[in-house]
Each structure stands twice: as structure tokens, then as C-alpha cells.
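Paired with subunit B in one complex and with subunit C in the other, subunit A is shared by the two complexes that follow.
Up next is the complex of A and B:
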């Protein structure tokens, strides 16, 4: 089994390196095929490992070699395949295989074809390290690795100012969170003496709650960066500058869920500090609604889906924060399938529409792109949580968790958000695929994408359809051997049915409303002048706030630090001191002008001073004062004479 | 030969340099490269022969110079000096090998070889006077490098460099003399041997004064805020090779000296000054990173970033535990490799365009993809991405200091944020976007000669990032010796608490935990 572990881990790396060798060359289809094949290998290996674990096989734990060892610190490259990581491995390899094959079609005409595949596979490798590591430091390698790849891929079209700007924003904002993550790790090390999961988690039982709370908070701040939780969320929407397959893989299915994975992985820690957990859940619920609100009005197809991702991440954090780790992980998995599908569908639409992103310029596309329409609708239905698609089983479960745990406010927030989700999803579907063909006015000639691309997408479509009712049972059985096996059942059957059917009805109504309202894509001027509309379309003015009150002051402060402080104060005082010596030298060098009488006078003056000092030290300070006065007068006279 | 290998390492380049005066101008380049290669191979032999399991100094040599005052020609190395020596010979080799077209190339190569002598002398001297002599001698070739091959303000820059560092060193010399005098009073015999000084337990009050005296010399060399302003001028005016050596090796003299002198000789003072120095280090990290962000000249960005990283090294040194000091020594090597490489890279574009202003560039990734890639790798190393050499050092330095102060480490940790800000911004300005400047349209990519310098640096950056053990383990052993000496010598209870005994920890938790 170890062999499959290494195969799953390193095949993406090999693919990336080989593709990287051709990085600067013009397109060679081979790099795409080669990396995809290796990704498929990783997928097969992961499946074998999954079957092994499902069969009740032992957890596979290997140590490749030492990474860092100094003092008492010992960090190996260790990897573990257990019930949690194998789920993540499946999600990562499956979605990335699909995305790789899809990209062969999507990046068909791109100059950077080879480079793209190199980056994409490197990302998968980092992600595998992130989920498979058996210690926090290894997780951090993957954590930063995916950050790097995200930077490379968001800024993939580096001639675009907006793309490179977004890439830098994503990297820097993630770095803020990474610092918290590092601090959390330091605290874990100095508290438990190790960064290995098993050792540290076992030690936590003996650690005081205060320290644990601090650790929990810092780790969660780290998670907030990668999973783009408020207030570190702005980068995710801007990250849509990257190629669409990247958005599907990195900014929907895998990397952004790393934060959720971290909380799930650290469940022994968060179980001990329910207060932090409650905070996580509340923030998650807030983000769920907050992000959905921005998706309601946006006119950029990819941004709408990005906000939707953000919102769903909020759902996952609610589950994780309330201790329902397996529910969070389940939603993570289901969401990966249908959200990646949604993004890939959006990619097809973009290709058909010459990279146009405004759905108001589309309409009626279902005639031209039937399969894309079907798949995107399927994904949206799943996202809305309609029975029997995947979203129903995972998302409604989170609502139930909130309800059963008596967090009714969270429940209400999530319920309203579910309606908003249904609304904005079908607003988008309606605008793109239904109604009149507005794109004709803009001179677009939409066409369906390559067949092999559609076939590549089909596994995701099937999973979005069946993942819920087919896998839920065996999934629960598997992961609850590792995660707390709390069951969330509403005991009264009446309440259960009212809630389930009620939710379905509300969501269904939202869908119908969105569909009707946007079928004709009328832009309502009155609404656009509305205060709330402005608030939402400007993303609650948060990016504006960051620009005005953080970025700009930092830039200005930096200029001040350089021009005013460094040059005018620090350096100027150094030069000032040097100048004192220069000036005194210049002013006094005439003292030794070789003129015998001048020099004799100075000699007398010197002797006098010495004598006076000698007298002063023997007879006291009064004399010293007197001597100074006398000396001063003498020297002054001498100087006057000398000047003359 | 191994008995005198340090002497050979020190004086071989110097002798060769003198011989260089009679070498024909046409063959001086080959001559220089051969000498540097021999020297580099010798240093590798030194590494090979070095036994990491031995505690204490190795390859010791001793010869009386002025017996009346206990001044000896005393040499020896431990792992801390070993790797800086190897780095010095390596950087000198690739520096000479990749020299572009410069006027008076003969003089330059001779200067570089002399500089190599002084560098190795500093890192292998165990007698304070010998150390001081090499320390000061190193100023002369550098002064000449900046003054003779520098930019338009080279005279100002070189004099500033010389006078500033020289002033600091004089105060350090006074400290050394007083230390020897105290040793004489305590034992009745004169000695300038650092190893003898180690054995002396000084009263706390005296430690404080001596610490400050040594600190002045070291701090200006590092350079620590607010003594750093000579550095931007020196880098700004120095030729590429001068900047590379200055950043990679010469600055390390200061941080090395902290580990060699200040910590083991004045443990109580080190504890006493730990917090103030950490605050200075944090100012260095954040403030110079901000200044770096404001720069318009890409070389100045790298220069200020260098100061910012030195802040992390200082912080790690004053963590006063094995994790932190090992990290900081490792970071010295890492910073040498990475900032050296960055200065090389700036030199590459300067050779082509004769300007370093970022506004002149933009879109270089289109025209020079290989250059952009290598620059990107080095930038990411500088930013401290895991699996690069810098991360190991930064991680351990910060980890170590976290034990001493949580809040200060949090502040110092902003290094990873502010570092990313100035580096990514500079990279974006120079490499991304469209090629707008006509002059950049047809720039040739990195050539073979430049590859010769850059590829090994890239390999080291990644190799030691993934597998730091060959360097980290010996350093760890030498640092453990220093920390246990400090722990043993510490007088105050505060210092005893702050400096953990590494040997005690070994007993309670065996190495590697439960594996």
C-alpha cells in the first residue's frame, strides 16, 4: 500500500517537472496528455487506498526522511493515509484529473499551454502534501505550496495588470493568515514538544484551556486566509482573473477548502474548546450570508460563482465549528463536485462568448450549448440543495446540525442563505441559458465546446447527482472511525418532515422567482439606484476600505520611512556627526600653521589649562569654575587676536 | 596537509594574488578562476574532513606571535564557521568566474583574492587580535572595489563604508583590550585566545559594558538599525561582484561575531539586552521592509531586503536556545546564497540596460523567460517559502524566539508579510505587464556564463530547503556546545531560566520524540 501512497503523491510532481521543462516552448499537446495521465494514475492510486481504508484496512503511515531536526525539534517528511485524508485525496485527484483533461481543450490556443500544465500539476502536488502530511509543518509546506501555485495561476496571463494585481493580493493576504498559522505552530511546539499530529493531539488533553484557546484561534486565523473568510475574503473574488479551470480546481474545489480541512484535522483540539468552535460557526454563518448577498446583484458570471463558493465555505465552517466534522467534510466533498462542474460549465460559456463575463449579454444559450446547459443546471440544483442531488444531503444536513444543537439563529441565517443561494444560482442560469438571445446584438456566435471536454466533465455531473444518496452511508461509516461520530437527528418526525419539506419548498420558490424575474433580463434602473444595491455591487465597500485605509497609508508610510526618516533623520545624523569632525578640522587646522608665535601661544594656553585642572582637582570645584572663566577669557582673547 | 589546512586556506589566495601581479593580462581570468577553484575544493575538503560529532574546535593551529601579551596565531573552526567559509570560497569562485567585461580586470581579480583571504581569516581566527586584524583588513579590498569600480558616487559611498565600520570596530578593539586586561587580572596571565576567554566568568556589571563595546563593532557591520545607512550607498555604488560578496559574506561577520563572542562570553548581558535587541531587530524587519517597498531602484530593494532579513538572523541569535541559534546560523548561510543570487540577478539586467530603475523595465518575463524564472525562484526563497533554504532558517529563528517572547515573535513574524509585499511588488513592476520600453524588446536572455553562477545557487537553494540535514546537523551540534556553555556560565537566575540547558533536555525527551 505504501507504493500507492507514494504513487499518488509524486505522480503530479513528475508531471509538473516534465511539463516545466517545456515551459518556455510553444504548445506541445504531449505535456497536457502526460500530466493528465499521471493525474489519472494518482486518482487510481487514491482509489486503491480508499478501497483499502473502506475495507477496514490499517491506516498507512510512512516517514520518507527527516526534514528539520535541531534541539528538541524533529520534523520529518511523514505522510498518513487515514479516513480523513483519503477523502481529501479522492476529491483532489478526481477534480484535478477532470480539470487537467478539460484544460487540454480550454487552453487549446494559449501560448503558455505547457507552462499552465506545469503549474497545475505542481498545485496538485502541493495539495496532496497538504492533505497527506502527518504533521503541522508538512501541512504548512503544502499550505504555502498551494499559495505559490495559486499566485502563479491567478497571474497566469501576466501581461494583464488586473491579473498580476489579483495574484499579489491573494498571496499577500494569505501571508497575513499564514503568520497566524506559524504562531499557532510555534505555540503547539513549545506546549507539546512536537508538531506531529498524533503526539500533539494526545498532549492537548494535559494542556490548560487558555493555551488551547490561543492555539485554536491562531490556527483558525490561518484557515481564514486560505478559505477566504471575512475579513480576509476579498482576494477570492479577484482571483477570478485566472483561467477558469484554475478557478474550478483551486478556487472552488480544493485549495479554498484547506481551511476547513485544517479544522477537521485538528478536531481533537477544537473539541476541547467549544467556545472557539462557536465563534467559527458564527463567523461561518455570517460569511455564508454576507457572500450570498454579494452574489445576488453581481453582473460577472465568475464572481457570482466565487461568492457562492465563499458562502458554501461558510456553511462548512458552521458544521466544523459546531463539532460536526464529518458533516463539514461531507459538504466539502459534495461541494467540490458540483462547484467545479459549475465553474467548468462557466468556462464553456466563456469560450463560446469570447470571454464575455456579463450574463446580461447572454441569454438563450441552451439552444447552442445543450450539454453545458444541462450540466450547469444540474450543478445549480445540487448547489441549491434539492432532493435527491448531492447538495441536499450535505447542505441540509448542516441546517439540521444547527437546529439539533439548538443554535436557532445560525439555523435561521443558514436557511435564509439557502434561499439566497437558490435565487442567485438560478438568476445566473436563467440569464445565461434562457430568455431571448441577447448575445446576437453584441455579435457573438456561441458554440458548444469539444466533445471530449464534455465527457471529461461528466464524472462530476454524475457525482453531483448521486454522491449524496449513494455514498453517504459508507462515508459516515468510514470517517466516523476517526472523527467524532455524533449523529444529528431531529427526534420528532413531524418537525423533521416540516423542516425538510419546508426547506425544499422555500428553495423551490426562490428558484421559480429567480427564473421568472430574470427570464427577460430587464435591468431595473430603480433598483440600481437603491442604497442596498450600491452597497452590494461595491462588495460592501470593503475592497475600497482596504485600498483607502490600509494599502494607501502603507504606501505613503513607506515613502515617509524612506525619504523622511531614513534619508533625512537616520542618515543625516550620521553625516552630521561626520561633518562635525570635518568642520572642526577645517576650523582648527590653521592652529598649526607653522608660525612659531601662534604655536607658542597655544602652548601657553595648553599649559595653563593643564595647570588649572591640576589645581582644580586638588582644591575643589569652585576653583575649577574660576579656572574655566579665566581660561575662557584667555582663549577668547587669543582667538580674537588670531582672527585678526 | 589537514594540520595546516586553515593556514593554507587563508594564505593561498593571498599568495596567488601577489603572483597575479606578474600574470599576463590576457590569462588573468583563467588564473583567477583556477585559484578560486583550488580554494573552493580545499574548503570542500575541509568540510569532508570535519567531524560533526566532535564537540569543540577542529583543525586547530597555534603559533605564538607576541608571547608577552598572550597573542597567538590561533586558528580553528566549528560548524558555525565551517559553512560560512565554504560559502565564502564558493561565492568568490562563481563571482570571479562570471565577471563580465570590466576595466582593469587584473586588479579586480587580485582584489577579490585578497578579500577572500581576509574573509576566511575572520571566520577561522580564534585569537581576538588575529580576528581583529582580518576584520579590519577586509575593509581595504572592499573599499577599493567600491572606490575603483563603483558608480558615480563611489568615493562618498566607499569612504562612508570605511569610516563607519571602522569607527565601530575601534570601540570593539577597546573592548577586546579590556577583556584581555581583565583576564590578566583574574588569572595573572595575558591571553587573547577566545577559547580562554570563554572560561572566564565575568561579573554581570562588567559583562554589560563589554557587551556594549563589542556590540558597537558588530552592529554596524550587520548592519543593525539605526547604523544601517552606509549599506544602501555601498550597494548602490558597488559593482555587482562587490555587492554579492558584501551581502553574502561580509555582513555575516557581524552576526557570526555575535554568536562567537557576545553569546558565550557574556551570557548574562545577552539575556539582559535580549529584549532591546529584539526590538531593534523588529524595527529592522518592518521598517527596512517598508523602505524597501518604497524604492524605485531594484538593487536598493534587494539591499534593504538584506537588512530586513538580517533582523531575523539577529532575532534568532538572541533566542538563546538551540532551535533559534541554529536557525539563525543556518539563515546566515541561506541569506548568503539567496541575497547573493539576487544581487547577481540585478547585475544581469544592469549589464544589459545599464540602469536599475524598475520604471525602465516591465514585461521582462516576455523577453527573458529564463531570467524571470530564476529571479522568481530566488524571490520566493527570499520571501521564505517552505522547501527553500531561507524558510528553514526563518522558521527556526522565529520558533526559537517564540520561547522568549510571544508578542515580539508575532511582530517579527510580519517579516513574512512585509517581505512578500516589497518582493512581489518589485517583481510585478519589473517582470509583469506588457513590454512598454523599446529598449527592452530585444534583450538577450541569461547567457551561459551567468547560468554558471545562477544554476548552482538555485540548486543549493532548493536542495538545502528540502534536505538541510548535512548543514543543519553539524551546526546544531556546535550550537548545543555554545548554549550549554552559556547555561553553565550564567550567573543571574534570570539568565539561567532564559537559557535552557540543551543536555538536560536531551535526557528528558530523547531526540525525535516517539519515532
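Up next is the complex of A and C:
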């Protein structure tokens, strides 16, 4: 089994390195095929490992080699395949295999074809390290690795200023959060003496609550950065500057869920500090609604889906914060499937529409892109949580968790958000695929994408359809051997049915409303002048706020540091020291007039000074003073002489 | 008749040293510079010999011999260089030797 572990881990790396060799060359189809094949190998290996774990096999724990061993600190390159990481491995390898094959079609005409595949595989490798590591240090390597690949891929079209800006924004925001994460890790090592999950978690039972709370908060700030939770959320929507397969893989299905994975992985920690957990859940619910509200009005197809991702991440954090770790992980998995599908569908639409992103310029595309229409609708239905698609089983479960745990406010927020989710998803579907063909006025000629791309997407469509009812049972059985096995059942069957059917009805109504309202894509001037509309379309003015109150003051501060501190203090003192030597040399180079007599005089003067000093120090300071006066007079006389 | 003590020798040595020093500093003729150097060295030699006699220790006189030997070799080399310089430039005035000007 170890062989499969290493195969799953290292085949993306090999693919990345090989594709990287051809990075500067023009497109070679081989790199795409090669990396996709290796990714498929990783997928097969992960499946074998999954089957092994599902059959109740032992957790596979290997140590590749020692990384750091100094004093009491011991950090190995250790990898573990247990019930949690195998789920993540499946999600990562499956979605990335699909995305790799999809990208062969999507990046067909791109100059950076080979480079793209190198980055993409490097991302998968980093993500695999992140989920498979058996200690926090290894997780952090993967964490930074995915951050780097995310930066590379958002800024993939680096000739576009907006893309490089977005890449830097994502990177910097993540750095802020990573600092907190590092502090959390240091604290863990400080209190438990180890960064290995099993040792550290076992030690936590003997640590006081204050310290645990601090650790929990710092780790969660790290998770907030990666998972783009408020107030570090702005980078995710801007990250849509990257190629669409990247958005599907990194900014929807895998990397942004790393924060949720961290909380799930650290469940023994968060179990001990329910207050922090409750904060996580509250923030999650807030972000769910907050992000959904921005998706309601946005006119950029990819941004709408990005906000939807943000919103669903909020759901996951609600579950994780309330201690329902397996529910969070389940939603993570289901969400990865249908959200990746949604993004890939959006990519098809973009290709058909020459990279047009405004859904108000589309309409009626279902005639031209039947399969994309079907798949995106399927994904949206799953996202909305309609029975029996994947979203129903995972998302409604989170609602139930909130209800059973008696957090009725969270429940209400999540319920409203579910309606909003249904609304904005079908607003998008309606605008793109239904109604009149508005794109004709703009001179577009939409066409369906390559067949192999559609076939590559089909596994995701099937999973979005069946992942819920097919896998839920065996998933729970497997994962709850590792995670707290709390059952979330509403005791009264009447309440249960009212809630389930009620939710379905509300969601269904939202869908119907969205269809009706946007079928003709009329832009209502009255709504657009509305205060709330302005608030939402400007993303609650938060990017504006950051610009005005953080970026600009920081720039001012930097200017002061540059002009006042650096130039006037640091540079000035360095230049000053250099100047002293320069001026001294300038003033004394006349001494070297080449005349032997002068040199001899200086020599005598020097000897005399030394002699007098020697005498003075043995006889008294009065003599010293005398010596100085005599010496000064003599030297002065010499100076006058050579100036003449 | 006054007895000649150690201090007389040392005073003589000092006076000679001072004369030599002034000569070294003031003379511009290279040959005279050599003379002045000789005076300096021999002033020191007087000191060595006198103190050696005073303490009844032969080390000082040994030292004086070494100084004489070194002075001789110095003059031999120095005069050789001086002659070459005179052949080239036609004078041995120090003020004209400024090729090392900084």
C-alpha cells in the first residue's frame, strides 16, 4: 500500500517537472497528455487506497525521511492516509484529473500551454502534501506550495495588469493569514513539544484552556486566509482573473477548502474549545449570507460563482465550528464536484462567447450548447440543494446540524442563504441559457466545445447527481471512525418533514422566481438606483474601504519611511561615514608630496608623539597635555610647510 | 679634574642624536643625509657602549658592533644607489626626487 501512497503523491510532481522542462517552448500536446496520464495514475492510486481504507484496512503511516532533527525538535517528512486524508485525496485527484483533461481543450490556443500544465501539476503535488502530511510543518509546506501555485496561476496571463494585481492581492492576503498560522504552530510546539498530529493532539488534554483558545484562534486565522473568510475574502473574487480551469480546481474545489480541512484535521483541538468553534460557526454563517448577497446582483459570470464558493465555504465552517466535522467534510466533497462542474461549464460558455463574462449579453445559449446547459443546470440544482442531488444531502445536513444544536439564528441565516443561493444560481442559468438570443446583437457566434472536454466533465456531472445518496452511508461509516461520530437527527418526524419539505419548497420558489424574473433579462433602472443595489454591486464597499483606509495610508507610511527615514537617516549616516574617509583622504593626500625630507619629518613627528605618550602615561597627565601642545604646534608647522 | 661619569656619555649621545636628527630633517643633499644617519647611529652606539661598560655586561657592545656592521652595509647599498641616481639625473638634491608624490 505504501507504493500507492508514494505513487499518488509523486506522480503530479514528476508531471510538473517534465512539463516544466518544456515551459518556454511552444505548445506540445504531449505535456498535456503526460501530466493528465500521471494525474490519472494518482487518481487510480488514491482509489485503491480508498478501497483499502473502506474495507477497514489499517491507516497507512509512512516516514519518507527525516527533515529536521535538532535537540528535542524532530520533524519528519511523514505521510498518513487515514479516513480524512483519503477523502481529500480522492477529491483532489479526481477534480484535478478532470481539470487537466479539460485544460487540454481550454488552453488549446494559449501560448503558455506547457507552462500551464507544469503549474497545475505542481499545485496538485502541493495539495497532496497538504492533505497527506502527518504533521503541521508538512501541512505548512503544502499550504505555502498551493499559495505559490495559486499566485502563479492567477497571474498566468501576466501581461494583463489586472491579473498580476489580483495574483499579488491573493498572495499578500494569504501571507497575512499565514503569519497567524505560523504563530499557532509555534504555540503548539511550545506547549506540546511536537508538531506531529497524534502527539500534539494527545497532549492537548493536559493544556489549559486559555492557551488552547489562543492556538485555536491563530490556526483559524490561517484557515480564514486560505478559505477567504471575512475580512480576508476580497482576493477570491479577484482571483477569477486566472484561467477558468484554475478557478475550478484551485479557487472552488480544492485549495480554498484547505482551511476547512485544517479545522477538520484539528478537531481534537476545537472540541476542547467550543467557544472558538461557535465563533467559527457564526463567522461562517455571516460569510455565507454576505457572499450570497454580493452574488445576487453581480454581472460577472465567474464572480457570481466565486461568491457562491465563498458562501458555501461559510456553510462548511458552520458545520465544522459546531463540531459536525464529518458534515463539513462531506459538504466539502460534494461541493468540490458540483462547483468544479459549474466553473468548467462557465469556461465552456466563455470560450463560446469569446471570453465575454456579462451574462446579460448572452441568453438562449441552450440551443447552441446543449450539453453545457445540461451540466451547468445539474450543478446549479445540486448547489441549490434539491433532492436527490449531492447538495441536498450535504447542505441540508448543515441546516439540520444548526437546528439540532439549537442555534436557531444560524439556522435562519443559513435557510435564507439557501434561498439566495438558489436565486443567484438560476438567475445565472436563466440569463445565460434561456430567453432571447441577446448575443446576436453583440456579434457572437457561440458553439459547443470539444466532445472530449464534455466527456471529461461527465464524471463530475454524474457525481453531482449521485454523490449524495450513493456515498453518504459508506462515507459516514468510514469517516466517523476518525472524526467524532455525532448523529444529527431531528427527533420529531413531523418537524423533520416540515423542515425538509419547507426548505425544498422555499428553494424551489426561489428558482422559479429567478427564472421568471430574468427570462427576458430586463434591467430594471429603479432597482439599480436603489441604495442596497449600489451597496451590493460595490461589494459592500469593502474593497473601497481597504483601498482608502489600508492601502493608501500604508502607501503614505511607506513614502514617509522612504523619504524621511531611509533617505534622511539610514542613507545619510552611511554616506556620512563614507564622506569622513573621503574628506580625510582629500585633506591629507598633500602629505604624500614625494619629498623624502617631509616623509622623514612625519616619521619623526610620529615617533615623538609615541615617545611622549609613553612618557606621559608613566609620569602623569600634565605631561600629556604638554605633549599635545608641543605635538600640535609641530604638526601645524609641518602642515603650513607643505601647504606652502 | 672632573671625573667622566655615565651621564656625560649619555648626554654626549643625546647631543649627537639631536644633531643627527636635525641633519636628517633639514638637509636636502642626499650625501649629507647619509652623514646625518651615520651620526644618529653612532650616537646610539655611544649609548650602548657606555651602558654596557657601566653594567659590566658585554651585550651592549655586541649590539654596537652589529649596528656598525649594519651601518656599513647600509652605506654600501645606499651609496651605490646614490651613484646610479647621480648618473641618471645629475644631482643628488632631495627636493628633486618627487616621483612618489601622492
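The rule we apply is simple: the second predicted complex is superposed on the first by the 568 of 644 C-alpha atoms of A that agree within 3 Å, B and C clash if a C-alpha of one lies under 4 Å from a C-alpha of the other, contacts with A are read in each partner's own complex, and residues count from 1 in each chain.
Here, a residue touches a chain if its C-beta (ideal position, glycine included) is under 8 Å from a C-beta of that chain, and two chains touch if they have at least 3 such contacts.
Just so it is clear, the model here is predicted, and its values are computed rather than measured.
Q: Regarding the shared-chain residue A:549, is it in contact with subunit B (first), subunit C (second), both, or neither?
A: Neither: A:549 stays clear of subunit B and subunit C.
Q: Mind working out whether A:595 is in touch with subunit B, subunit C, both or neither, as first, second, both or neither?
A: second
Q: Can A:541 be said to touch subunit B (first), subunit C (second), both, or neither?
A: In the superposition, A:541 touches no partner, neither subunit B nor subunit C.
Q: Under the stated touch criterion, name the partner, subunit B or subunit C, that contacts more residues in subunit A.
A: B
Q: Return first, second, both or neither, reflecting whether A:604 touches subunit B, subunit C, both chains, or no partner chain.
A: It touches subunit C, and subunit B stays clear.
Q: Between subunit B (first) and subunit C (second), which, if any, makes contact with A:532: first, second, both or neither?
A: A:532 sits against neither subunit B nor subunit C.
Q: Enumerate the contact residues on subunit C facing subunit A in the complex.
A: Those residues of subunit C that touch subunit A are 21, 24-28, 33, 94-95, 97-102.
Q: Can you check the complex and tell me which residues of subunit B touch subunit A?
A: Where subunit B meets subunit A, its residues are 160, 163-164, 225-226, 228-230, 287, 290-291, 293-295, 321-323, 326-327, 363, 365-366, 369-370, 373, 380, 385-387, 392, 395-396, 398-400, 402-403, 406, 409-410, 413-414, 416-417, 420-421, 424-425, 428, 431-434, 466-469, 472-473, 475-476, 479-480, 502, 505, 509, 511-515.
Q: Within their complex, state which residues of subunit A touch subunit B.
A: Touching subunit B from subunit A are residues 23-24, 63, 65-74, 76, 137, 140-141, 144-145, 148, 151, 155, 158-159, 161, 164-165, 168, 171-172, 175-176, 178-179, 182-183, 185-187, 189-190, 193-194, 196, 199, 554-555, 557-559, 561-563, 565-566, 570-571, 574, 578.
Q: So in the complex, which bits of subunit A are touching subunit C?
A: Those residues of subunit A that touch subunit C are 589-597, 600-601, 604.
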